[in-house]
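Presented sequentially are two complexes of chain A, the first with chain B as partner and the second with chain C.
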Partner chain A sequence: MTQVSPQIQLHNLSSSDGSASYISPCSLQRIIAGVNYPLEVSYRSKEVPDDTYIEVNLRPHNAVAGVKEHHVEEVVRRVLKSMIRGEETPRTMLQCTLQVMEVENDESLPGGVKGGGQGESYLEMLCGGLNAAILGCLDAGVQMRTVAGAVLVAVSKSRETNIWPSLKERKMAKSLHVFAYGRNAEMLLCESEGEFIMDEWERAAMLAKRAVLGTDDAGQDGDVEMAGEDDGRCLMSEIRDAVQARVVRDGMGGDQ
Partner chain B sequence: MADALVVLPGDSVDASYLPTAQKRKIGLGIKQEFQSNDFTSTVAGRVEVDHRKKSAHISTPNARYIAKAGDSVICQVRGASYETFHLYINAYSPQAILSHFSFEGASKKTRPQLKTGDVVYAKIASAQKNMDIELTCVNPSTGKADGLGPLNEGMIFDVSLELADRMLKKQLAPVMEELGNKIPGGFEIVVGKNGKVWVDCADAGAKGIIAVGRILQKLDEDVMQEKEQKKFVNRIIKEMG
Partner chain C sequence: MPLISPPALLQAYLSQSPPHRPSNRAPTETRPIHLNVGSLTHCNGSSLVKIGESTIVCGIRAELLPVSEIPHYRASDNARQGRTRTATTIEEDDDEDSDNTYDPNPLNNLLVPNLELNTNSHPSFPANIAPSTTAQSLSQRLLSLLHSSRLVRPSDLSIRYSSEQSASTALDPDDEAYIEPERDVLKAYWTLYIDCVALSYGGEAGMFDAALMAVVAALRDVRLPRARWDEDRKTVLCDANFANARRLRLRGLPCPLGFGVFVPDPRLRVGAEGQGRVNGAVQGKSEGAATVLIDIDSFEDDVCEEKGNVVVDCSNSKNKILKIEKVGGHGRLDAKAMKDVIRRAEARWTEWNAVLETALRSAGACASSVYHLVHRAGKTQQHDKEQAQKYNHDGSNITITSTGAQ
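Showing the complex of A and B:
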């Protein structure tokens, strides 16, 4: 199985405070996030006296948001809430708009199946949406406790765990899992779907941790090691590279 | 030139990297851990340390200008009332007010005559939530204009806040100097923190202004080393004819 790393680009919208585009590996799903922060809270009743109100809007590639999207919005919102230092900007709002631009289209399946339909799993959208939202927040200069990355893992019928499964692999999978890990290897999110046993779940979690942080024991001191032989680059170092590329504009940076 | 240290939220910032003076100012994005000497960053960006001012903060490229007291901005007159002018800073800020008397040498009898559409370089005196922004064109302690005031002739260019910041920190001084030497008669430039740049060339006229504008645009879009920047300046000057 060939591993490709996700493609990240920061600040591709000119009029929002922060934005990012995220292309997840293998599944060709592209999501653009636009983050505006800090804003005035639109309705006074939503204002939180000692915290930042977070609003997440998700739009699928071909329709208006339905039940599935609203559920994903809520999950992304809760994860963001646990990462962001909302107390730094009380009585304001962080608005995060996610737009799915493209989803995978597999012509080999009968009728050419597209991912991201209403009847399908919400997990791939959750994984991409969360990553895009976190990147957007980084670009917008939101004060955060930690940085996290989310990974989608599929467990096949033969109990094999696949990271970044393709559309076909997702269709065939017995269970699907999304894990989000913070930089100190703390699990911020785990959502699962399908039938699985504890052992499979643990293996999937381990695999996800390695995909996000590189080595299993990546510690606090930041510099994340390259991942194992066939794992490509880990998500955290991709994020770091993207920020580096955004911040250091020319040779004239630094203090003079 | 110091190597730029880029951090993500949660990265530890080594205490030895920061100023150690008693009265140091640790600004945005760097937080001291509770009951310890360690610092952690809370935003993504570049750690900027100024040992002379004993200050350190993390600079993140901002996309939106938020008015802050003490900033110099370029704004446009949108109307006038009995004692004040009403000015526009950007689409996100509330309207700014500028008293007729906050100009150098202004009195009841000699008031500045500003029409709608005129452009002013002013300092923000106060900016608070839910209130009009107050501007001034005079240094209150000396009564002098210090370069503030109406901007006549010339042209305004929109640049990113990042570029405006870099220009205000004089990081682009070498290119600007080169450009000034090449354009006949030189040029005048005013940089507002709100991402507006006013340019005027008295001798070279519109051609010169456009040359400067093109260079600003290029500096904003591309990552360029000093040498490339100078090369580009030469190219633009040649094309200007």
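Showing the complex of A and C:
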């Protein structure tokens, strides 16, 4: 397996409370997240008396949001809702804006235009968008129960599981899976499509868990073991490094 | 059901022995499927599915899409498709994409599912507003599943023209007006508009189940008129004769099953604080343990945070999973519990298969008696016999009704 890891940068927007850019490995997809929290709820009817109202806006790279993006927004919103301690700031709103900056060229489409039509799989966008949203929340200092990371896994026709598949691998795959794991190895999200059997799903889930957490078993205290194995670095340690870099930069009196 | 504390009610029911749900079902008991096929007159195929309070009507209308109207249409695709088509006989080839070409999905815009949640289907849906997030989510999930499961064969939706039919009219090759005869050319596609209307809303998971079943049943019911390309008129002509209409050859039969994980509110747990912290696993029967509920209704849908749907296909005695979705909650459902859900979905498949076959049979019996009427209508309207461009279902005065299973 090649050494692949996502590129993460925190706080690259100056005027939002928290922001992050996320470039997923192999697929060159770049997403920027901006998080504002806490805000006043825009419509009184949306105010939740004992919880934080979460709003997610997703913009594709070339258009305004359509049905596909709205579905991804809804899934990201539900995952964030399960991660965030909303009861700490009742009657407020968390606003998360995701902008897809760049996607891979799809040479199979006429004229090699960039993909993203409604009929195409939304799993790649979901994976990147969720990671960006979680990073943005971390940067904004949102109180969270857990930190999670999402990975995309493809199972090819010959039943090989590939983590972070490239565009071509995704199109050739028999099934595609997105898994999001929290730091206690709890599966917060799983979306699988295509055609597969339980055994393939379990192998994909195991691979995803290792890619997020580094090891198969998380420590009982919730600490993630930083196993520097040949699998490359895990997503959690990437997130930790990014947060560390941001804290160091702040401590040095950097330009925000 | 306005309640002060819905989770407390559900927990009270589930903590009884044997545990049961407010709907008087066991935690893993499903609701019966009521299905009615072919009840809409102006559609090529239609169905009505009712599972508990989730009721969906689905109608499929086919329209012609000439390739000249497809932007960026590439004839090279067409030539390649024609070649593979002659290489492998189209009948019974289950893997049309078995050649490992890097292929844009030709079905991309040919299936257009849409789901509408009426004001009348639930008190919480206001009138005259844009489609809600739920409705859009459900539409997108249906579309994704139709594509990823490759249920409809592209060859069923394409209208081809082979010039052997008109070989006698071929010009002399020396003539300057001579055009190289294209052997087998794609001229048009059928586009299927799959419209679902919710008559009664029963929670998101339940609605997905009902909607997918309705779509699959309606697709099974679809009859496309025989269409051919008329080279002289440069248009597609449809045969008004109902007897010549053909059905789609679907790949497999998907069966959905919704599930939810109910975790009691920690505030309701007396003296069991901290018990629910075991990593990811659904615990045993101890108090405060998470319970997996199968085929959840709208009340349980509101209470359960962690929920999703699985779609399985057991046709041809091959058990396949087509979709697993699970969002929300705190990840209490582990792989072992998921296996259990899949097993239950496979049992559901058997039930769904039986219900569908019964409904299609009874609809077919009705349709064959109606056929003579359609046939006569077609004869009296000679001028309508071959209708160009846009296919409207002929014989609109005739009602095809049937009563399905159960």
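What we mean here is this: the second predicted complex is superposed on the first by the 228 of 256 C-alpha atoms of A that agree within 3 Å, B and C clash if a C-alpha of one lies under 4 Å from a C-alpha of the other, contacts with A are read in each partner's own complex, and residues count from 1 in each chain.
Definition applied: a contact is a pair of C-beta atoms (placed from the backbone, for glycine too) under 8 Å apart; a residue touches a chain by one contact, two chains touch by 3 or more.
Note that this is a predicted model, so its numbers are computed, not measured.
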Partner chain in contact with A:Arg203 - chain B first, chain C second, else both or neither: neither
Touched partner set for A:His71, first chain B, second chain C, both or neither: second
Which superposed partner A:His11 touches (first chain B, second chain C, both, neither): first
Partner chain(s) touched by A:Arg85 [first = chain B, second = chain C, both, neither]: first
Touched partner set for A:His61, first chain B, second chain C, both or neither: neither
Chain B versus chain C as contact partner of A:Arg233, first or second or both or neither: neither
Touching partner for A:Asn184 - first (chain B), second (chain C), both, neither: both
Partner chain in contact with A:Val248 - chain B first, chain C second, else both or neither: first
Which superposed partner A:Ser192 touches (first chain B, second chain C, both, neither): second
Touching both chain B and chain C, residues of chain A: 145, 182, 184
Complex contacts: residues of chain A adjacent to chain B: 11, 14-18, 36, 85, 88, 138-147, 182-184, 220-222, 239-240, 243-244, 246-256
Complex interface listing, chain A residues touching chain C: 67-68, 70-71, 73-75, 78-79, 81-82, 107-111, 117-122, 145, 168, 171-172, 175-176, 181-182, 184-198, 201-202, 205, 218
Residues of chain C defined as touching chain A within the complex: 72-74, 100, 102-105, 107-109, 111, 133-134, 136-137, 139-141, 143-145, 147-150, 279-280, 305-306, 308, 319-335, 338-339, 342
Chain B - residues contacting chain A, complex: 1-4, 6-12, 29, 42-46, 48-51, 60-64, 162, 166, 169-172, 223-226
